[in-house]
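Labels run A, B and C following the written order; every chain starts at residue 1.
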Amino acid sequence: MIDWINWLLALAQTLLFIAMAPFLLGWIKRVKCHMQNRAAPSLWQPYRDLGKLFRKHVVLAEQASWIFRATPYVVFGATVLCAALVPLVAVDLPTAAIADVIVLVAFFSLARFFTALAGMDIGTAFGGMGSSRDMMIGALAEPVLLMAVFTMAMTASTTNISEATTYTLNSGLVLRPSYIFAMLGLLMVAVAETGRVPVDNPATHLELTMVHEAMILEYSGRHLALIEWAGQIKLMIYMVLVANVFFPWGIATALAPNDLAVGFVAIAAKLVLLGVVLVVWETIMAKMRLFRVPQFLGFAFLLSLLGMLTHVVLETGG
Amino acid sequence: MSPLILAYLALASALASGVLALGADRYPVLLRYGSSLLLGACGVFAVLAGAWALIDEAPTTDLLALGLPWLKWHLRLDPLSGFFFAVVGLLVFAISLFAPGYLREYIHPKNRQALSALGLFTGLFVLGMLLVLLADDAFVFMISWELMSVSSYFLVAYQHQHAANRRAAFLYLLMAHIGGLAILLGFGVLAGFGGGFTFGAMRAAELSATWASIAFALAFFGFGMKAGMVPVHAWLPEAHPVAPSHISALMSGVMLKVAIYGLIRVTYDLIGDIQWQWGLVLLIIGSTSTLLGVLYAMLRNNLKRLLAYSSIENIGIILSGLGLSMIFIGTGHKILGVIGLIAALYHVLSHALFKGLLFLGAGAIAHATHEYDLNNLGGLIRRMPQTAVFFLIGAMSISGIPLLNGFVSEWLTFQTALQAPVLASGVLRSIIPAAAAVLALSAALAAACFVKVYGVAFLGVARSRHAARAREVDAGMRAAMGLLAALCLLFGIFPSTVISIIDAIPNLLLGAGPPSATAQGWLWLTPISPKTASFSAPLVLLGILIFALIAWLLLRKRTVDVRRGHAWDCGFGSLNSRMQYTGTAFSMPIQRIFAPVWDLKEEIEETRHAAQPLQTEGVRHQLQALDRSWSRVYEPIGHFVLVAARRIGLIQTGSIHTYLAYSFFTLILLLWVVT
Amino acid sequence: MEFTQLSLYDQAILLLAAIVLFTSFIMLAQPRIVPLIHAFAWQGVLLAVTTALVAYVTDHPHLYISAGMTLALKALLIPWMLHRLAVRLNIHRDIEAVRYPSMTLLAGASLVVFSYYVAIPIVQFSELVTRNAIAISIAVILLGMLLMITRKKAISQVIGFMSIENGLFFSAMVSTFGMPMVVELGVAFDVLVAAVLFGVFFFQMRESIDSLDVDRLNRLREVDE
């Protein structure tokens, strides 16, 4: 009986996750507009955009094969599955156990693999260009991501995200140098992986600078809606990971209604704050040349490597 | 009846398949069907024998009165050899399905080739591999090892019309023998302490730490050379691709694994006392091989050569797993060592399956288009829909995408690496995660590499006439690929079941199994403990299916609302196939970032319009990315050997008196030393 | 001792030590002159804060003086002098290409592991809460040397040299809570004099060989090739 409720809660949390993702993007856009002295769109604009895309007809390129048509579903399915693994409001939900953070990273690479294939499927220079660049960025981002994750996993001696969150929660306020470096590394990777400034610009349609947009240039209608939505969920996954693994306070440890409500408010507040941080970062940074990205990610790797080293030297030595 | 009987049947069928093929020059049907059928039987018997030995756990031994009268053949089938037996058998069976269709081209009257040689050496090659696995003394091991090497030499040299193939084959033979020599010396050390050439005697031998390290170093060098570890790998991408595709599949898929078997057998079983320093060496060489292998693969445009380089990468992953295992065993954490060993063994299985699949896919592409160069392919997904699906599964599996077998072994390797905090030495604690990061980088690069392969070969628009007219291959070839693809999926979704079977191997070698890996039942994989890490592939599959299904059901409207239109051409008019990204273009960003890894020679020639010199009429771009191991390892050694040979050549005078004097003085010297 | 059992102050000291190490890496990665000087200044600030914190936690008042001196000299005075020099020599916009930046950083990371290995015997004999930072301080010294090796411009080398001094000061502080006051004053004075001398030397160097590239110094060899 209890088991059932837990699974239902996990499902509800996942649905909440999916439903909240466009809102987060709306918030980021809004804050960004305010910071740049532009008139801001409504917070609900991403929902309207998605709704419009879902209603529209699909136009497929002539050469598109089934890979192109399957990709949106694969990408969306993989991303939603990742969302199910990340504790949003409460820890210890049963879905958290079915896969750990390494699987989560691997599911992102599944999504990237298919998006890149879909880019190549049309047979235009745009798609190939986007795929090639995205695979390059992905290849460099993955070790950073795993290194940051390893630092966390070595401290908490688990790769299960829920367990790691519980560990941080239980050990109270500890100023771990390794966590700080790992978090900075993770933030930089998150920027690269979700295609934000300075690595990629989600708003651009300039050939020379496009990465993710170039791959999905041929998508339209519901396919595009799914891919856009998956992108929003992915952004939110990274932000929730940072918020909950490094600052877990407030998250519900028991499944009582009160705790859940507190957990919801806590994560909402954390995301709002992180959104502002992201906007500030994007506003003060300029988009980089593509071949500066390796240096950016190299620096992120250095950060997470330092995280691991300081963990070994300062936190366990002696 | 014992599993050994089945093993003998497998050996006999392999031999018979080779012998039967002797008549193939006159009756090609003998090779295409007779030999293949026998090979298939060999595969089935081998799988059965191996599975039996794995499940039965108790080793079965036998003494055959073959060969020299006072040197009987010691044979033994235990879970370790059983596992490798089954792996070889699986691939041999798939090959036997593939070969009849694939060989049709070789019996075509226009370019008919020596079929008997192909069939004979294929049979002997399989026989050699299986016999290596059964060997229980150094003599049988070395004889069958050489049988394997020499018969595969003839297969590499099969298309000897091309000078490059002859050169590759010679290099292969040379390297195989240098490696063989090192292995022989390694056995010599062990036999010297054990007082006999049987593995039983070697197992009982008590070696000092130094001698054990020497034996290990020799064995590691010999087997590593055969397995293609960096920096002694350069022969592999030369030799493997030039054999017919199904033989390449065997060479890359399982012959490398036989070398890994040898390494595990000698280190874990015969030497026994594992030192952690060995593991560190393995880990470092393994992760270097992984990274360099995939980077070299990335820039290749010849599909088979690319696959051969990617074998180096995968051997690196296996070596890293073994290295981790040895580090943990050497520092007294046996249980973690077991998990590392299982990760390595799982990758042995995975790599055999997906690399076999990909080589067969390359063979199918070559069969259908007569093209190996990726940049002449394209759009095959429409011409060869089934091959495209199977190849996609192989490509995903090799890229470590979850729910396929390649991911399971990578996940296990990462989990082992993450147990580094238990180690007392802080240096090891920092090196191991760094090595794991290298593995992660390589896995991501492998994904990029296979997106390139799949995207350029199967997707987009055909880049050549051949590719545009390709036709799906016949049912047998598709069945072979389908079988391997299905196994890739199966072993990716039910890892716990497989692990609960192969844990007989650590039980045999280390006397301990993974206590909790499969404790939670077939649904869950929990290598250390459920709290540390858990992964349930079936549930993940279920989840992803449910979400994708819901999305599809909600969105599946009438198909009418899907319209086809032109792709976006920036308003410049029609697109053509030459506007697509080529393989070279795709890998350019990575080539630029990791430029110091290759010896790059890039030439760009622009032809200008005669009247208007500012207008470019055409651009020719040529990129040559050479393996650095040639200029850094092979050429210096080759040069040194030549110089040394010239020096030694001085004693060759041509006068028979001098030669007699040499013998005389040698005799005197020896007599003096002996007394 | 488990990290979680330390008091928050001790944790903060170790955290600051880690950030000091991080500034060393920033210097290693920074190709532009002025940000390099800034990174060096930040290292000085962090060092001063760490020293003050150690003084507070362990109740060693003389460390406050060291902290103040560090702040005044290494965070303010010397960076200011270097900055002025850079402007006057008109090299403040120069970018110094490091050949393999990522290889340099990886070499730096391995130096950290190496200094950890070297520091183990010392750490075992120490009872201080800061003992784990000894490895960090050795790493700061080695990274300063690496900076000097990889750079060509004389001014970067001076910063590398000063950073080595930072490492020495840091190691003295974390292993024995500082050197005797006399020694420290002497060292501080030396560093100041060195900075002044380097300034004079730069001008001389540019006068005589028309470049601040130390590779050109090999022209001064007496033996011709």
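Everything below uses one rule, namely that a residue touches a chain if its C-beta (ideal position, glycine included) is under 8 Å from a C-beta of that chain, and two chains touch if they have at least 3 such contacts.
Model, not experiment: these values are computed from the prediction.
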item	value
Shared interface partners, meaning chains that touch chain A and chain B	C
Chain occupying the middle, per Cα centroid	B
Chain centre separation in whole Å, for chain C relative to chain A (CA means)	37
Centroid distance [mean C-alpha coordinates] between chain C and chain B, Å	49
Contacts with two or more other chains, residues of chain B listed in rising order	426, 430, 434
Junction residues of chain A, two or more chains touched	294, 305, 309, 312-313, 316-317
Interface hub residues of chain C, defined as touching at least two other chains	109, 113, 116, 120
Chain C residues within the chain A interface of the complex	1, 3-4, 8, 11-12, 14-15, 17-19, 21-22, 25, 29, 101-102, 105, 109, 112-113, 116, 120, 123-124, 126, 131-133, 135-136
Chain B to chain C touching residues, read off their complex	426-427, 430-431, 434, 596
Of all residues in chain B, those that touch chain A in their complex	378-379, 381-382, 392, 396, 399-402, 407, 411, 414-415, 417-418, 420-421, 426, 429-430, 433-434, 436-438, 440-441, 443-445, 447-448, 451-452, 454-456, 459-461, 530-536, 539-540, 543-545, 547-548, 551-552, 555, 561-569, 575, 577, 579-581, 585-590, 592-593
Complex interface listing, chain A residues touching chain C	171-178, 180-181, 294-295, 298-299, 302-303, 305-306, 309-310, 312-318
Residue ranges of chain A touching chain B (in the complex, touch as defined)	54, 57-67, 73-74, 76-78, 80-81, 84, 95, 97-100, 102-103, 106-107, 109-110, 112-113, 116-117, 119-129, 131-133, 135-136, 138-143, 145-147, 150-151, 153-154, 157-160, 163, 217-218, 221-222, 226, 290-291, 294, 301, 305, 308-309, 312-313, 316-317
